[in-house]
Amino acid sequence: MVQSMPDASPAKWHLAHTTWFFEEFVLARFDRAHRWRDERYRVLFNSYYDAVGPRHARSQRGVLSRPSLEEVAAWRRWVDERVLALVGRADEEALATIVLGTHHEQQHQELLLTDAKHALSSNPLQPAYAARAAPAGAHGAPPLAWVPFAEAVVEIGHGGGSFAFDNETPAHRALVGAFALGSRLVTNAEYAAFIDDGGYEEPALWLSDGWAEVRARGWSAPLYWERRGEGWTEFGLYGSRAIDAHAPVSHVSFYEADAYARWAGARLPTEAEWERAASQRVVEGNFVESGRLAPAAAGSGLAQLFGDAWEWTASAYLPYPRFRPLRGALGEYNGKFMSGQMVLRGGSCLSPADHLRATYRNFFPPAARWQVTGIRLARDD
Amino acid sequence: MVQSMPDASPAKWHLAHTTWFFEEFVLARFDRAHRWRDERYRVLFNSYYDAVGPRHARSQRGVLSRPSLEEVAAWRRWVDERVLALVGRADEEALATIVLGTHHEQQHQELLLTDAKHALSSNPLQPAYAARAAPAGAHGAPPLAWVPFAEAVVEIGHGGGSFAFDNETPAHRALVGAFALGSRLVTNAEYAAFIDDGGYEEPALWLSDGWAEVRARGWSAPLYWERRGEGWTEFGLYGSRAIDAHAPVSHVSFYEADAYARWAGARLPTEAEWERAASQRVVEGNFVESGRLAPAAAGSGLAQLFGDAWEWTASAYLPYPRFRPLRGALGEYNGKFMSGQMVLRGGSCLSPADHLRATYRNFFPPAARWQVTGIRLARDD
Amino acid sequence: MVQSMPDASPAKWHLAHTTWFFEEFVLARFDRAHRWRDERYRVLFNSYYDAVGPRHARSQRGVLSRPSLEEVAAWRRWVDERVLALVGRADEEALATIVLGTHHEQQHQELLLTDAKHALSSNPLQPAYAARAAPAGAHGAPPLAWVPFAEAVVEIGHGGGSFAFDNETPAHRALVGAFALGSRLVTNAEYAAFIDDGGYEEPALWLSDGWAEVRARGWSAPLYWERRGEGWTEFGLYGSRAIDAHAPVSHVSFYEADAYARWAGARLPTEAEWERAASQRVVEGNFVESGRLAPAAAGSGLAQLFGDAWEWTASAYLPYPRFRPLRGALGEYNGKFMSGQMVLRGGSCLSPADHLRATYRNFFPPAARWQVTGIRLARDD
Amino acid sequence: MVQSMPDASPAKWHLAHTTWFFEEFVLARFDRAHRWRDERYRVLFNSYYDAVGPRHARSQRGVLSRPSLEEVAAWRRWVDERVLALVGRADEEALATIVLGTHHEQQHQELLLTDAKHALSSNPLQPAYAARAAPAGAHGAPPLAWVPFAEAVVEIGHGGGSFAFDNETPAHRALVGAFALGSRLVTNAEYAAFIDDGGYEEPALWLSDGWAEVRARGWSAPLYWERRGEGWTEFGLYGSRAIDAHAPVSHVSFYEADAYARWAGARLPTEAEWERAASQRVVEGNFVESGRLAPAAAGSGLAQLFGDAWEWTASAYLPYPRFRPLRGALGEYNGKFMSGQMVLRGGSCLSPADHLRATYRNFFPPAARWQVTGIRLARDD
């Protein structure tokens, strides 16, 4: 039930909200026999859909001691049964909405873990979510190499034939200049060198808004890092432990990713550059199914495009040319957030594997740090 | 575990904090064999004692999903056993501190209920704490009468011989002019008349700070009141129900009490006036032991001095002449809050009966409304 | 025209507001031929009188580039002429209001200087208001002595026969216990010793609200003090200069005065104690007429009761028994501020001499520091 | 000297800051004989250059009653003389910096007017900057037409050969899909129809951040609009007057421009689309030299690309591919603001004519409204 900040929701709320999604958008629209389980849940567990009606304030999700976990679980079973019963007789739009609901649920599976991590980190006891830490990697990170790409007009976005969110469409052509992409994510050791070199004290490395955040919030390291003697510890789902030098740095904001890149004489890739590199690749990597629950050292080649840590891009989250949001209230799913946020690509170690694809566009405000967000470099070639 | 605002603590926290009080101030100081149950609890459950050391932020008490309720309960048993074992061999100071701890616990018994009420009220489902409402009163409130008191030099404060908090001492003489005291608390019906007369729209009735609060917070009725058709409902430990016209109004701030009194052509009593009237009386009234959990209509005579609702006085909470706080960290119990607050007297329907006395000084900031606070009038005679 | 904080008004605004006071409360009420000079000035220069109508926001006084200084000056002459013409034919209430207007103007004469001092201090150039500093005192401060007073029932407040503000009335009897009053104000050197002894780092010396202010605002010395090498400089109307060790400390909040007193093993006097000591004394001291514009070292005996620096008392600003505010809008002058503030007594080096008397009650919030506020100690005897 | 909000600077500050720019970046770097006029001005009038050193807080520019206007004017003459003397013997970098300084000064010429407008609007007297209103336009606005453009790879950005800011470079190729551009800016009458249709009450028209602004700030019309009977007035440099139905709407935020476009079944153009349309055009329009000081009705054809009102684009302000900021402190001029802002194109009626060009990129946060900002529509074709 803990809500440790307005952005992070209690685990029970995630369970209830994903249930609400199916009742509101599937059962109420497509099941003629539908009667609301409890009309008041429509307000309590609506996240941000203005067209659906009023909603309980986001920052107050932690006060909902009722309905109890048992009541929410019963409601979930009730909804599940009815959705499953509907599948057999559902039309195309109903089926598409059920599929959307399952992808929505996958997003909340990841958020449930990142929010629980934040909640546990807010407790001075620093309790661990999982009892036993992941085994250390079998190998260190390979040296950073640069993978070159020549200028080309490429197709960006999702062309149909399988599920995609509306914000990935339509597929369209874009001119992408020559560039080189870093072969792996930036490691904890590399990021620690940035800190040791005074990265957090040098305004010339930072965007103006980023520097303002650094000073207002007193940032001097990634979220969850703590100086311990000569080194650093990092809080995670295994509790607090020494950072893994070879694993990718995570829990950095866009501003930190951008400042690091400038310090390293490089830059962040645009989302078109990233997609160009990823579009021919198999989606494989360190996902939540691995059970590792933390980023791991890279393998060889162009590594870690998927999994490990979401990769901040240099691209603002904006509509693709000729973008049309879904009709009705579901049009609020993605489209209305297309200002003030940055695009992230590739997924993290807490993402479900089959939730991801090369065209997938995640987005967060540039100061957000509680997601598993890391850094891949690019440079002009 | 819910913390619905910084001022209101989770129930589990109250259990832990009162336990902490005994471990920190009794066992650690007077039990030579004492070993800390968990040193980290010293930080987590310290409320405001700077001399004891650092503390977990007040506004973040709701994030403490650990220790669990079971762990807190086990800790309470552990502490209880040791305190009980100590009683037989305790010296005078140790015994006095144990007694202080029990009075401290009584205060938190009341806070636990007021905080739970606030937490439940923050949930749009408006869940009830108790399943069945109290029986309606057998009678209506008698008409308001005025009980006169002549000018006199009286003794104010606690003269010893039984337990009192340091802020009630020393007993001292004070010149109290002639005045008359309202025979009972102001009722819900009377307060509703103030609202209907535009009381919340007329700045001339309000202190400047009070008027600023009215506008900034949009106050138009007591906390927990809601307009329903022609009448009003009030949220309470029994959920939402129609106001009881004859019962005392409660959950008003000092500013509202003061504005009501001005509207009624009266004023609030000073704490010396109140104590003069109460000092010869038996402590009896509507307390938590009644199981009623809400204020009830007054009886005849000078009624409701104790119980029902805390009575805002016109007195700022300041030290008595020659006041000396307790020595050491316990000196922070009361003394350091002697600015910016107003004195309340008499206790409420949620107070334990044997916690109260005529010299008891409660205190809250003038805008506080979540305690069971009501209005008794006075006037110059 | 500078407004360096919401509490401090531009000099031009003070000129216009005191003019407004005469037009609004004298001419418009008592001059039958009155026509408004400009109705819009009623809004622009109303300070806080709700009964008069709406007003320009306090924090936005600095944006009023119109009316120009010349227009304000012409308006003042226009109002002055009409008020003077009215004097000869005015009835008692009109005359009383004119007299009130002159005392109101004296208050703003002092505020004009304290606000100008704050405005100039906000400029990194630290410009001086007056070109040449006051001559150093001819002598040092005498040692602090304690002047004893026996318990007595005394008359407090103003009994009529000459001008007083409504908040000084009615005269009434009060029982004042035995006490001793410090013979002079606390000096800069004494206050520097408090700082050197860690006064700003020791929570046990502070009221809880005061300690919160210390930490939130980073207080480590009086307003306008700056550490320079081994010593301190103080910004004042003569610019920045070394503190005068023998002169009274000023620009401290109530919280600092209270903490200093605790550190010194003393306390602040109540306003009744102060008035008891001052009531038989001639009003003489270091006032604005001296042209010195800064506090000066004390003479012998019970010194500095008037002038030099306003003296924080231990008394909250509350109504006297049977207090009645002036009728009508002028009732807002003092009465509505009787919560959340502390009483100060005696006047400062920026007060006009004939503005003061033993019954005069000034009041400011406990965190205010931009007035010339200092410390006199008292102790139980 | 008025500073009516942190974003808007006093006129005197603009004069001083543009002077500071020449002393800091031209004289101090390129004039060997340079001695600082007053070293303290380096802090007072530095706007945002971290590499230069500390600076006076932006929100506190209004408190600088010193240096006086006369002192600033004398300083300007002093700097002007020395810069002019330097021109004859300046090397290429010095000359380029002097040219940059003149373009910087042009930007502040426009800001000086927009900031003065805001300052005057904050005064309830609503004083006019200019005594006599501009003559009404000779004609109404022509009907909105759509000018089509076919898909093409075009060159975007400034290729050299004349002055440009670093953020306009380097020139690069971009693929711009087919689109149609509105032939003129959206008029006041058209925008009033959006308001009348409930535009400010319908969340479906707004980006999420925009809707949050609408509610938090109570927006219901453009800045400076006021409902008067059936119609609207608009405050401007001529004071308050009825809106001109045919003139372009101005003083709308990006969020309002975006919501209007959605309501109109269109969208905002990207900056590449805008530049494609403008790149072959002569820079002509309604600029500050016209003396009109307000937007005017459009002429025929693809009108108002330059002048009248800055046009919000759908493009976030981001670096062009291979962008390199200027070396040294001047690299902070534009580059560090490349997050959280939107690009505007074309200039306004308060811009100097020769300050503009087709590649010019202006930028403001999406909620900014005090600049002369308007709306041009685009649509997919």
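Labels for the chains are A, B, C and D, by order of writing; each one numbers its residues from 1.
The rule is simple: contacts are C-beta pairs under 8 Å (C-beta built on N, C-alpha and C of every residue); 3 or more make two chains touch, one makes a residue touch a chain.
Nothing here was measured: the structure is a model prediction, and the numbers come from that model.
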item	value
Contact-graph separation of chain A and chain C, given in steps at minimum	2
Between chain C and chain D, centroid-to-centroid distance (C-alpha), Å	46
Euclidean distance of C-alpha centroids - chain A vs chain D, Å	36
Gap in Å, rounded to a whole number, between the CA centres of chain D and chain B	57
Chain A, residues touching no fewer than two other chains	none
Overall pattern in which the protein chains touch one another (line/ring/star/complete/other)	ring
Full enumeration of touching chain pairs	A-B, A-D, B-C, C-D
In the complex, chain B residues that touch chain C	48, 50-51, 153, 172-175, 177, 203-204, 206-211, 254-255, 258, 314-316, 318-319, 321-322, 331-332, 336-340, 366, 380
Residue numbers on chain B that touch chain A, as the complex places them	1-4, 40, 43-44, 56, 60, 62-67, 119-120, 122-125, 127
